[in-house]
Amino acid sequence: MADAPEHAPKAAAPTGPVEPPPPADAAVPGYITSLQNGVPGSVTQLSLYLGDWTVIVPASHLLQAGRYLRDNAACAFDYLSDLTATDWPPRTTEGRFDVVYMLYSTRHRHRVRLKVKLGEDQPLASVTGLWPAANWLEREVFDMFGVNFTGHPDRRRILMPEDWQGHPQRKDYPLEGPGELLMENPLDWLKLRQAREEADIE
Amino acid sequence: MAHAIAFYTLAAFILGFAILVVTTKDTVHSVLFLVLDFLFVAALYVMLNAPFLAVIQVLVYAGGIVVLYLFVVMLVNLKRPPEAHSDPHRMTKFGFGLAGAVLIELGAIVVSGYMKAPAVTSPAQNLPVSGNTEQVGWLLYTNYLIPFEIASMLLLVAMIGAIVLAKREL
Amino acid sequence: MTTNAFEAATVHGEMFDTNELVINMGPQHPSTHGVLRVVLRLDGEKVVDAEVVIGYLHRGIEKLSENRNWTQIILLTDRMDYVAAATSNVGYCETVEKLMAIEVPRRAKYIRTILMELQRIASHCLWVGTHAMDIGAMTVFLYAFRERELILDLFEEFCGARLTYNSMRIGGLPLDIPPGWDKKVLAFCDIMDGKIDEYETLLTHNRIWLERTKGVGVISGAEATALGLCGPALRGSGVARDVRKDEPYSAYAEMDFDIPVGVQGDTYDRYLVRMEEFRQSLRIIRQATQGIPEGPIVGKVPRLIKPAAGETYHAIESPKGELGYFIVSDGKSTNPYRFRVRPPSFCNLQALPRLVRGHLVADVVALIGSIDIVLGEVDR
Amino acid sequence: MIDTFIIPTLKILIVLNATLVGVSYMTLLERKVIAWAQSRLGPMRVGPQGVLQPIADAVKLILKEDITPSKADKWVFTAAPVISMVPALIVYAVIPFGPVVRLFGRDVSLYITDVNVGLLYIVSVASVGVYGIILAGYASNSKFPLLASLRASAQLISYEVAVTLTLVSVILMSGSLSMVSIVNAQYNAHVWFGFVQPVAFVIFVIGSLAETNRAPFDLPEAEQELTGGFHTEYSGMRFALFFLAEYANMIVVSSVATTLFFGGWLRPFPNVAALHFLDVIPSWTWFLIKSFVFLYLFIWIRATLPRYRYDQLMRLGWKVLIPVAILNLVVTGIVKVMLL
């Protein structure tokens, strides 16, 4: 799918989200400075937009950073409220995916967003060991984007059928129709559909 | 006359179902024929003026015990291929021999019964109570008290044994 | 939708296996609340393991939304949690408002609050009805639907629709409330007060109800948090997490209400929490209705809605739990670049296998009822 | 000839037909009563107030296609509904709707027969009815029905013990197993046994709810858990037979409760001469009124209570009802011996 540039969005495709750095006078919350000190090298970039703090973490440091954020008393991010991904196909240098972790602390009632930039075939450590809530969320990201989570206990498709081809929420996946198979070989797709219908009848 | 016809009809049914019980392939069907068999035996008891026994036959055997049989039969794996059922150690000759012995014994009982004087008077006739149920009760708690108690002890032991076997972690 | 589950059901499911019986509950089953499939592995009637299979109602709302303009998406959010559509509307609109830094007039905020709380009551009505029905008390179901009908009437009067309202606009509301509507809302609150007691009479102290719900599906607060449970399911375990209090939105900052929490974290506590939420919702509605300020109902919204490039996550408390929207705008096109919903039902449903393990088949339906899912939202 | 053949045949026909009509109207009554409890109307379309609804239902069910699943055990699958229906009907043979009355210059008893083991007959025939449910579950070759039939058989056998033990305490009071004698014993004792045996009565009611698979013990057909239970795979008239059997059993249980605990056909205070004017109402009407009260109670309970869970049901049966029933029996025996 990555090698199907003719289906990629036409209008000058954006190459990534805007991640405005915090203004110089913004006070960096304690949990971020604590993370910077506790896990060196875990924060490659900081961003503050509309009051949301985003910490960009290298894929290699994700588990360490996650564990620190969960266990450190000042951070105590015990609740993974969401885990999702964004696809930026034209972005080649940093990898096309942003995997985003919305963390929340039920004790301190603060939020932070972790972001990992990831190439298409690059594996990413699963955080199910830290937050069991990630189990289905990672499955969904795998299903929709094809992000390869390593160490996931049950890495299967979740919303799409098991035999589905492709990952629907990638930007180069067509909005309608059965996906890249129809685009490339319509006859193959018809045969496949016929075979499925026959299997259903039986 | 009518009595005899009824008896032989019932007897034919009982024997027929009994044969079906042992010849049917499907175990559940065979248990069902057993139930039918019990029902006809109950009918036979009614003919013999023993309604209490008939009702108990239905209640205990047809309604209680065979339900448990059915339970077991339904739960064990019946969908095995027929080869799995054949037992290489089956002692066919011994089985036939045993059956023959039982047959001879039964025949001997029948023959000796004919040799003797006509049946002894039924003990029920000398009882202080009337009514089928009352007579059964009276006999059970007077003449047959000890066998009755032994039987109930035996059942109690069996029940405790079953509980112990089923609930190991008790 | 997985081969694992499928194989489990066919290959493993030898019918007369004395050790394990694999049962396929759903996707057509009267009490899975939609097209949910649960593959249960039973030892007798005891659940050894359960696998939840979802995706039967997947319509790709996230993908669709990335190809619709910002206003059209409101209509799609109706179709997620279709028993609480107004809440989904508000969540989306507020996220976009946050992205565009639009100030919503107070009047609109108050009316939104009223609508959301009415919606919470409607959703909880549906929940108490189906939950009780799953446990066999069918009368509660009809009582609860009777009151839900009153709420739907109020909604119909407000926006003309009864289920999928499309009742919000970015920056405010499409319509002002009809004259006299607030009186009717207050009258409804008075009716509802007595009806909640009626449900409680039938259930709360019923011995069978207690036996069926107490100690069933116990989950500790820490574990529930880790598993990502949200809403009443999390509060039932004693974690006082409510977005309305923790990260106030709409007019909740100005309202006075309590967050009920459970102690044991069992089905009964989750039940009690929701029953108390009925009353708290009524309290909020009363305050908001009596205090609706005068003023416009729409803020300053540009004619072409096109937020500047950027991304944000905004969560609200839907009747099911934390409903979050993560929206990325590229600042160039008239549709969102990435539209992500954090569906509370999805995250709650994830805990089902953990909750049912070791319980009986009958408890499975009780537990599905107790986490209160809507499949439209799980599958999107 | 008339006494030995025609009159019994007529009685059988009347009772059978009355039962079947009663059963079908029982369904309407249940729908109406539950509807009222739930503040709705119930069936209203067929006939005034929906009184013709049972007939419409019957027509619908008869015309419906009878589906036999391809992997079902066909013979057993077909026989199962019949097996559950027949015992429910033949029990009526010993139920006394009234005493011997003078009708058209002839002494006619308002019961089909009075066997001296009547009560045991009812219990034993009812115990055969279990087969219908077990076999339906087995023959469907489907998992939910199988689970349901296992539940059903365990439930019926367990509660039968408790119910039978309560019957024994009544037998101790009456000194007879015949249904007619039990009613007469209540007349002679000047009191309905329900008032001397309240414990037995309560256990009987609970046990009979369980034996007829009624709420809160309707586990074998718990729609919310087992998608309809043992009759999941049944359709059309075969399904209707199960349905009718359940209602016929309810009527049987109510009749038995009336006979054993509430004086059968006797009017209230049968020995009080001052209430003699009540005799204007015929005896069988008293019987029907009393039975109706029980049926109403059954429906009322269904509209009110949630369902028990399987293990709780078993615990209630074995750990509460049976010990209490045995205790009650022992106390009854002791009191009876002391007083005599």
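The letters A, B, C and D name the chains in turn, as written, and every chain counts its residues from 1.
Note that a residue touches a chain if its C-beta (ideal position, glycine included) is under 8 Å from a C-beta of that chain, and two chains touch if they have at least 3 such contacts.
Predicted model only: the values in this text are computed from it and were never measured.
Trainee: Would you mind naming the chains that touch subunit A and likewise touch subunit D?
Mentor: Expected: C.
Trainee: So which chain is farthest from subunit D, going by the mean of the CA atoms in each chain?
Mentor: Result for max centroid distance from subunit D is chain A.
Trainee: When I count C-beta pairs in contact, which pair ends up with more: B-D or A-C?
Mentor: A-C
Trainee: Could you put a whole-Å number on the gap between the CA centroids of subunit B and subunit C?
Mentor: 61
Trainee: Go ahead and note the Å separation of the Cα centroids belonging to subunit A and subunit B.
Mentor: Those two chain centres are 71 Å apart.
Trainee: Can you give the whole-Å distance between the Cα centres of subunit B and subunit D?
Mentor: Computed value for the inter-centroid distance: 29 Å.
Trainee: Averaging over Cα atoms per chain, report the distance between subunit A and subunit C in Å.
Mentor: Roughly 25 Å, centre to centre.
Trainee: Quick check on subunit C: which residues sit in contact with 2+ other chains?
Mentor: In subunit C, the residues touching two or more other chains are 15.
Trainee: Provide the list of subunit D residues touching at least two other chains, using ranges where the numbers run on.
Mentor: Within subunit D, the residues that touch at least two other chains are 146.
Trainee: Got the subunit B residues that touch at least 2 other chains?
Mentor: Within subunit B, residues 74-75 contact more than one other chain.
Trainee: Contact residues on subunit C for subunit A in the complex?
Mentor: It is residues 1-4, 6, 54-55, 58, 60, 62-64, 67, 98-99, 101, 222, 225-228, 230, 239, 241, 246-247, 308-313, 315, 322, 324, 326, 328, 330-333, 337-338, 340, 342, 346-347, 349-350, 379-380 of subunit C that touch subunit A.
Trainee: Per the contact definition, I'd like the list of subunit A residues that touch subunit C in the complex.
Mentor: Interface residues on the subunit A side: 11-12, 14, 17-18, 20, 49-50, 52, 78-82, 84, 86-87, 100, 102, 106, 109, 111, 113, 131-137, 144, 156-162, 168-169, 173, 175.
Trainee: Given the complex with subunit B, which residues does subunit D contribute to the contact?
Mentor: Residues 73, 75-76, 115-117, 120-121, 123-128, 130-131, 134-135, 138, 146, 149-150, 153, 157, 160, 177.
Trainee: Which residues of subunit D touch subunit C once you look at their complex with the stated criterion?
Mentor: 34, 37-40, 141, 143-144, 146-147, 151, 215-216, 218-219, 222-227, 303-312
Trainee: Which of the residues in subunit B end up touching subunit D in this complex?
Mentor: Within the complex, subunit B contacts subunit D at residues 26, 28-29, 32, 35, 39, 51-52, 55-56, 58-59, 62-64, 67-68, 70-71, 74-75, 131-133.
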